[in-house]
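Letters are used for the chains, namely A, B, C, D, E and F, taken in the order the chains are written, and counting of residues starts over at 1 for each.
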Amino acid sequence: MNRVLFLNPVGHDQWDQAVKDVLMEAKRDTTEVEVLSLLRGPHHLEYQYYEALVGPDMLHALKFAENGGFDAVVIGCFYDPFLHAAREIVDKMIVTAPCEAGVQIASTLGNRFSIIVGRKKHIPAMRRNVYEYGFKDKLASFRSLDLAVLELHTDEAATQERLKKEAFKAVEEDGAEVILLGCTVQLGFYKELQQELGVPVIDAVLAPFKHAEYLLDMKNRFGWSHSKKGGYEKPRVEEMINWGLEEQYFIQGLWTRIKWPI
Amino acid sequence: MNRVLFLNPVGHDQWDQAVKDVLMEAKRDTTEVEVLSLLRGPHHLEYQYYEALVGPDMLHALKFAENGGFDAVVIGCFYDPFLHAAREIVDKMIVTAPCEAGVQIASTLGNRFSIIVGRKKHIPAMRRNVYEYGFKDKLASFRSLDLAVLELHTDEAATQERLKKEAFKAVEEDGAEVILLGCTVQLGFYKELQQELGVPVIDAVLAPFKHAEYLLDMKNRFGWSHSKKGGYEKPRVEEMINWGLEEQYFIQGLWTRIKWPI
Amino acid sequence: MNRVLFLNPVGHDQWDQAVKDVLMEAKRDTTEVEVLSLLRGPHHLEYQYYEALVGPDMLHALKFAENGGFDAVVIGCFYDPFLHAAREIVDKMIVTAPCEAGVQIASTLGNRFSIIVGRKKHIPAMRRNVYEYGFKDKLASFRSLDLAVLELHTDEAATQERLKKEAFKAVEEDGAEVILLGCTVQLGFYKELQQELGVPVIDAVLAPFKHAEYLLDMKNRFGWSHSKKGGYEKPRVEEMINWGLEEQYFIQGLWTRIKWPI
Amino acid sequence: MNRVLFLNPVGHDQWDQAVKDVLMEAKRDTTEVEVLSLLRGPHHLEYQYYEALVGPDMLHALKFAENGGFDAVVIGCFYDPFLHAAREIVDKMIVTAPCEAGVQIASTLGNRFSIIVGRKKHIPAMRRNVYEYGFKDKLASFRSLDLAVLELHTDEAATQERLKKEAFKAVEEDGAEVILLGCTVQLGFYKELQQELGVPVIDAVLAPFKHAEYLLDMKNRFGWSHSKKGGYEKPRVEEMINWGLEEQYFIQGLWTRIKWPI
Amino acid sequence: MNRVLFLNPVGHDQWDQAVKDVLMEAKRDTTEVEVLSLLRGPHHLEYQYYEALVGPDMLHALKFAENGGFDAVVIGCFYDPFLHAAREIVDKMIVTAPCEAGVQIASTLGNRFSIIVGRKKHIPAMRRNVYEYGFKDKLASFRSLDLAVLELHTDEAATQERLKKEAFKAVEEDGAEVILLGCTVQLGFYKELQQELGVPVIDAVLAPFKHAEYLLDMKNRFGWSHSKKGGYEKPRVEEMINWGLEEQYFIQGLWTRIKWPI
Amino acid sequence: MNRVLFLNPVGHDQWDQAVKDVLMEAKRDTTEVEVLSLLRGPHHLEYQYYEALVGPDMLHALKFAENGGFDAVVIGCFYDPFLHAAREIVDKMIVTAPCEAGVQIASTLGNRFSIIVGRKKHIPAMRRNVYEYGFKDKLASFRSLDLAVLELHTDEAATQERLKKEAFKAVEEDGAEVILLGCTVQLGFYKELQQELGVPVIDAVLAPFKHAEYLLDMKNRFGWSHSKKGGYEKPRVEEMINWGLEEQYFIQGLWTRIKWPI
């Protein structure tokens, strides 16, 4: 069995069950799914400050998950927060995230894609990621719904309508051949949209989850996992203990391999 | 069951069994594997002329495979020959190829990767692909073994030695964190090399095969497959019939859906 | 005398005479022009599958042309199909193509150019070429006529009207200073359009033909021709003979230098 | 008076006095300098995990500084940690950081620059920043001392020697016209190195500090400060209060403008 | 005292006093300001020919300024004419210019910026600079006022209105977070525009002037000035004398250090 | 007849005859060649200041040439000085230059090229041009002879030897398939070098001259010449007269179409 944790890096569990339902249906037979969120923190990550806030808790939950036997963690936010840091601290666990997984899938399915975001505010940070991942020339456009993350499910029919309108423009005017939903909280909308548009619509929960299963499969069979030479070299436990990091950040045992849950 | 065809786009079947053995071990339970090569053509694709030569036969075999019920085809050459054309002619089948799959995996496992090629001759065509896929800034280097494709298995110990030497330099001097084997005929070498180097070494047969299974899984569950709007719009059967393409290219029934005898 | 072959890589000769008429008027005194198309194949290359289909025949015609004493071949399609492969198989012959020649001329005549294509379908493949040639930052826009290749001459006044409309927008809205006609079958339209717009309008038949004459002039005088070291290294005749390629592809004598026509 | 805080985002104050001494000498008369570090955390930020760990405390210290009347904060690490988040949470304060300030200065003083880092481990994260800031084509090379941050002052003569050796190669072999010291802890070395090399050597403490004074001067006179429209839009205090972020992160009063005790 | 010369590279002094008034208010106490224009030449630099025309006189004025004791020169045109040549001929003087200074400031204050130009004619030359400086991905758009340089102050209310209209579109439609005024003659407009828009509006006179003071401050304290190794290596006086350049260009004594004014 | 002027933008005529000899042999029958240099100015353009110095005289000579009936001018320096300004001031004349012509030819003849420069000093300015023209990804390397322009013919055997050594490394180590001689004064060396290397070696005098003939041919037949809309819009004669530019720059009659005495 492969144990995969979908980690919602926010301080409430409002979406956990919905995500879990979706993943239970989407998973392979050999995958065990867990969905968790954080014990404290903002309810969405629209701001980079909120991202920063959840960083330590998210990374610690992720490392506790590795200690506790998880094989992969999906970071549940389209900003891919702390993806590089996460790959640095793991020993063998796979770490994936929505934007990286999504742009790779999208560029395989079509020549150009558009990303539908909640608000224009989200674009600069996402663009940095898309460019950094190498997909600048495949990005047809960002399109904004002008809806905050927490408003996406207030009136789902209205959201679906806006999605359709913007995605349609992305295809017709911007030359997108694939649509990426640029927020995990856009969960639930891809299927209908896909049918209406006639092009693939990539969901931000499903894509990184399947990416995790894929990478896990290869890790198990071929030993391919995140390189620990170079940028993902792991911090030295000894110095962390010497500095008292476990006490300072209330993560007793994390680096000395106490297992989770405790 | 998902039926996956690994198509060696060369005019001999010398490597088919070796590839099949490897894939039978690597496949999921729900995957059926077939490995085929072409009935005529060059024995390797080091030259772009050879690529061009095998194009029609390869695409026809691929389309016959779709007619015959295959769910995915892996194009078995690191030049990813005719990948875009292949995605254009399919209706629903998934098409993958080694370089595209490999650079996506490599960039997820590390910050930079190097590609080990047989001969320097291969570099310009591969570089075009790597850049076109968006991975220019992740490419640490190309390194050449100075061995033709057909010499790779002449003296396997010598090849392994050269691989080790070049891959080691790629890691130490060029800053590669992951190694990509830049030829499907480098089959059989990744495991030992990976152990020696301590970084992931991506095999050019296994990577696109697993990529195919991954994409298939998502297609089956979420309906995500190659977009048929835009660059992958399918040619119109009517005009092909009118022009007599089936007779001209000895592919009677291909476009009128005669199935491929298997 | 320099013998230049304009090779229409399609399976009909409908445009050969029109192209020849134009070239006879455009050629230098020291140039002999021949225009040929293929004996089989699709009637246009809008699809990448059609490109792949004509590949071997086109390359063989081109190589037979070299054997038969031609000094240069112009590949008559704005996708520049198999340009790299063609330069690989020649010994000394010059090979040119419309997009490469066109973007070089355009970038010399103005700061940015737009390409007028028949249908949006053509854009992804052409954009790959324009970017690969280095002209991404000089490309003001693609503009589509929404006319299939075979419809371009159905109602020439209507086509001229659409060309004018899109080219005008390219200049006024997109900042183009030069217009490239993105299809050899747009033959006949550049002159009037140029007069109306007041900016250079580059024809896709004339540009690569003149480019061929230019390169030939330099080859004859200075010995500059396609480098045979690196990416354009020629395949080895010995292995082609050993594999039976001449028999398999019905090109008896091609690589053993039987002259064309036979 | 302009009050500038140099914030060492590490959990010890070992370098604070040395930094303060240097800044007291470097400051304008109208600048008041404070140097502070964090109350907990790792002693260096070589790992991206350590960066993540200090994020919330660093941002909170920075925001407390704004509440307490500081006009600018310099983030004291060449990774420029949380620079975008910091600019998001401020109302009017200026935020600068070493890498951004350094590459701007370097590109003004010469055509290409090299960055001397402690260890190769640092390169991938720094390269992301340098590329994101737009200076990919100005970057001649990274050169590594193969010294951990905490070893830089163990044997200063040896460090100076290594710096000289690598910087000399950067100039002679890589074409650097300016040298950037890629770590704030390389403090103290630039002057001698500059004399030996005959090219500007930019110090990672001084550069962002002067950048802060520069931006402050313009803010005071012209009202230019970080744009609060778009990517640096500030989080809404109301939702932070509703979620209980102040209690959860032990920052009571931070967002309701309790001042920082000074 | 630091002596800074703002050099209007045009053949009339119509704007000198207005620039001086602005700079006298903007300068530090320790700065002495001089504003000069050329004795001959075009009245604006909209054309690259005009740029070329003023080149020698501008560079000679700049070098005379260094001889005469100036510490910095600001080149007063947003094309940054001869910036590289200027940095080559100085010994120790700082040279700055509006576009380089402006894009660096803008990219520090926001994620993307737009440049408001007088006429579309200006865009190609400015784009070359913006791209060369590395800010292609930070450039949201160019927007044109469709006003020649000499018309900008004909009807200031009308100009202000157009500026507002275009800058507003830049923010709302193009995603600009900062506005750059792309001409020194747009002097006087930034303040009101900034208030109306709510984003920083960077003035093309003030930005490079403050950049000069900033660089001077660092030069005085840390010895950082334009690198004289590599691209900014200074011409050899001996050969200039041998060729008679001083006589030929009526710059007697310039290279043999006669001071200015004479 | 097409009259082509090769304009050596230096203040001595030492190379004029050698250039003319070469061009007389290289020209078409229908071309008339003139080679001229300036009446004053530096003897080489290694410095950007020297470039600036010759700018007005060179542009005026070029415009006088147009007035006097020349059909094309070749700017005889590999920095391509004032190429954009030159294209702006012409009415109908063709203007070419060595670097632009050379990189276009080189990229057509091979996949990557190297440029052999005299001194490292030349690289930054040339790299700006190569990148601006779009050939960054085709540039294998710059290689320096460490010889000043005026030393290139001091010991021609030694120069030939150094050229051979650096060009050989460019091919073997850097992957160059074509060599560009990066200075017009490297005249005379290409032929032997080409024979020794077995790859095309592009001469900086011949390449732009043939480019001029090529563009002229197309201009005469198809009306294609430098676009006068956008960046190459011509300055208005009226304002030049009003400002007194003809008197100020001793070019009486230039803009009022007095012909150049020939």
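One rule holds for everything that comes next: contacts are C-beta pairs under 8 Å (C-beta built on N, C-alpha and C of every residue); 3 or more make two chains touch, one makes a residue touch a chain.
In this text, all values refer to a predicted model and were calculated from it rather than measured experimentally.
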Seminar exercise, completed: Shared touching partners of chain C and chain F are B, E
Exercise. Which chain has its C-alpha centroid at the greatest distance from the C-alpha centroid of chain F?
Worked result: A
Exercise. Any idea if chain D and chain E meet via the same residues, over half in common, or different ones?
Worked result: same
Exercise. How many Å are there between the centre of chain D and the centre of chain F, using C-alpha atoms for each centre?
Worked result: 45
Exercise. Counting in whole Å, what is the centre-to-centre distance of chain E and chain F, each centre being its mean C-alpha position?
Worked result: 29
Problem set entry | Touching two or more other chains - residues of chain F | 111-112, 120, 123-124, 131, 136-137, 175, 177, 230-231
For this session: Select the category (line, ring, star, complete, other) that matches the graph of chains linked by touching.
Result: other
For this session: Using the contact rule from the top, write out all pairs of chains that touch.
Result: A-B, A-C, A-D, A-E, B-C, B-D, B-F, C-E, C-F, D-E, D-F, E-F
Problem set entry | List of chain D residues in touch with chain B within their complex | 120, 123-124, 131, 136
Seminar exercise, completed: chain B partner, complex, touching residues on chain F are 111-112, 137, 175, 177
Seminar exercise, completed: Residue positions on chain D within touch of chain A in the complex are 11, 40-43, 46-53, 55-56, 59, 82, 84-85, 88-89, 120-121, 123-125, 128, 131-132, 230-231, 233-235, 239-240, 243-245, 248-249
Seminar exercise, completed: Seen from chain C, its contact residues with chain F in the complex are 26, 28, 96, 100, 104-105, 107-112, 133-138, 171, 175-178, 190-191, 194, 198-200, 202-203, 206-207, 210-211, 213-215, 217-218, 221-232
